[in-house]
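The block underneath contains the structure these notes are about, expressed in structure tokens.
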Amino acid sequence: MVKILYFASFREQLGKADEQLPADYDSVESLLQSLADRGEVWQQALVNNPNLQIAVNHDVADRATPIEAGDEVAFFPPVTGG
Amino acid sequence: MVKILYFASFREQLGKADEQLPADYDSVESLLQSLADRGEVWQQALVNNPNLQIAVNHDVADRATPIEAGDEVAFFPPVTGG
Amino acid sequence: MMEQAFPQIKIQTEDFDLSQEVAAMRAGHKDIGAVVAFVGTVRDINEGDEVSILELEHYPGMTEKALEKIRQEAHQRWSLENSLIIHRIGKMYPTDQIVLVAVASRHRENAFYAAHFIMDYLKTNAPFWKKETLPHGEERWVDARVSDQEAEKRWATA
Amino acid sequence: MMEQAFPQIKIQTEDFDLSQEVAAMRAGHKDIGAVVAFVGTVRDINEGDEVSILELEHYPGMTEKALEKIRQEAHQRWSLENSLIIHRIGKMYPTDQIVLVAVASRHRENAFYAAHFIMDYLKTNAPFWKKETLPHGEERWVDARVSDQEAEKRWATA
């Protein structure tokens, strides 16, 4: 399984804070394509969004980052702390 | 009268924290020349000292600064606060 | 507990006392001549609107790791005796303290640069998100600032 | 009393509490997003020698005026909400606090620059002098540093 997390405006837009998915994806890119199939709101937030930020196992990642079983993948907007 | 103040190492070298002198000097330069006549230690501290700092009435001054009755003139080494 | 893995990083809902935190950071490091402490506070105005509540969300686990990485980078760039980062989460109100970055060094220049660097990197690299509530109850997520991106870039090394 | 003429300048023998002083400086200024506080402390080593006592002498009257001038210059150069300078005089010991410069502004960059500027100018323009006592009782006046002169020059305007 792969754990997926959504933060801040993404969590609200997608109506979900986290989920577990089968480890059927070789990279963030293929995971994103699969999530985009869920509909317009997913497409907008995760594929057509130049501000999408990605982390894999708590490290900054990008669409090309490989993923495997047990990984934690997070999607979120640009950070605004401090 | 003119009030003269000596601070830090100057006060210790010259053995004096302050004194009142008649207002017989038209500038810091003429006051310094007069003080230098007191001897070697005064000459060293006040005339042959590239590090001499001068203030007149609480403002940074130099040898050319005019002085008049009632002024407060201070001599001290480079500052080391903070 | 993440606090044990990264003792100089604290993520907490409660407020902090500046004097106590700085004293604790200095303790056991006698050869300190300079401390620079930055405190970020909740402004009552943002983007021209009055703000009633500011809510901070974060990504537990990644936050601590990201902040410790920034702190270590500061210690590599400048000679520092110690440093500390505290960031609050949850609901805060105008004038509340949000974040503390404190740095101790022998000489002041290193402490000033390192504290500024840590804040600039924290702004663009630590996974925190702010949501504002306006007086009539409207909520909105705070937008990232281009000026924060620019601020980070100034520290880029060749 | 000089304290009334320049309420944001304090010359005192007693120690100060960082939290209390920063809170007092912020009070009544709600539109603050950033506070930078610099604390200078007594190091236990100077020029390679152990230091037991540090004694601070100043020029009453000129000190307050010089510090207020530096503070006003900072307010002219950067957009600041408030600022405060506290400098202790008399005998101090390793790890003691000597000086506090605290600056509050809307955005962090102004507070960082202004606090650094005030400290650099204070080092070369405020009439304070330090005398060290070494462990065997030897006393010596601390020499001014060339690095402090260089630090001030960086802020020169064209």
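In order of appearance the chains are A, B, C and D, and numbering begins at 1 in each one.
Criterion: a residue touches a chain if its C-beta (ideal position, glycine included) is under 8 Å from a C-beta of that chain, and two chains touch if they have at least 3 such contacts.
Just so you know, these numbers come straight off a predicted model, no measurement behind them.
Chemist: Show me the overlap between the contact partners of subunit B and those of subunit C.
Modeler: Neighbours common to subunit B and subunit C are D.
Chemist: Chains shared as neighbours by subunit B and subunit D?
Modeler: Touching subunit B as well as subunit D, we find no chain at all.
Chemist: Which one of the chains is farthest from subunit C, going by Cα centres?
Modeler: Checked the centroid distances; the maximum from subunit C is B.
Chemist: What's the distance between the Cα centroids of subunit C and subunit D, rounded to whole Å?
Modeler: Roughly 24 Å, centre to centre.
Chemist: Where the CA atoms of subunit A average out and where those of subunit B average out, how many Å apart are those spots?
Modeler: Here the centre of subunit B sits 73 Å away from the centre of subunit A.
Chemist: Quick one: subunit A and subunit D, Cα centre-to-centre, how many Å?
Modeler: Here the centre of subunit D sits 49 Å away from the centre of subunit A.
Chemist: Which residues of subunit D are in contact with two or more other chains?
Modeler: Where subunit D meets two or more other chains at a single residue, that happens at 40, 119.
Chemist: Which residues does subunit B have that touch at least 2 chains other than itself?
Modeler: Residue numbers touching two or more other chains: none in subunit B.
Chemist: What are all the touching pairs of chains?
Modeler: Chains touch in the following pairs: A-C, B-D, C-D.
Chemist: Going by the contact rule at the top, pick out the subunit D residues touching subunit B in the complex.
Modeler: Per the touch definition, subunit D meets subunit B at residues 40, 56-59, 61-62, 65-66, 87, 98-99, 119, 122-131, 141-144.
Chemist: Okay, in this complex, where on subunit D does subunit C touch?
Modeler: Within the complex, subunit D contacts subunit C at residues 17-20, 22, 26, 30-45, 94-95, 106, 108-109, 111-112, 115-116, 119, 147, 151.
Chemist: Name, in rising order, each residue of subunit A that touches subunit C in their complex.
Modeler: Of all residues in subunit A, those touching subunit C are 5, 7-9, 51, 55, 58-60, 74, 76-82.
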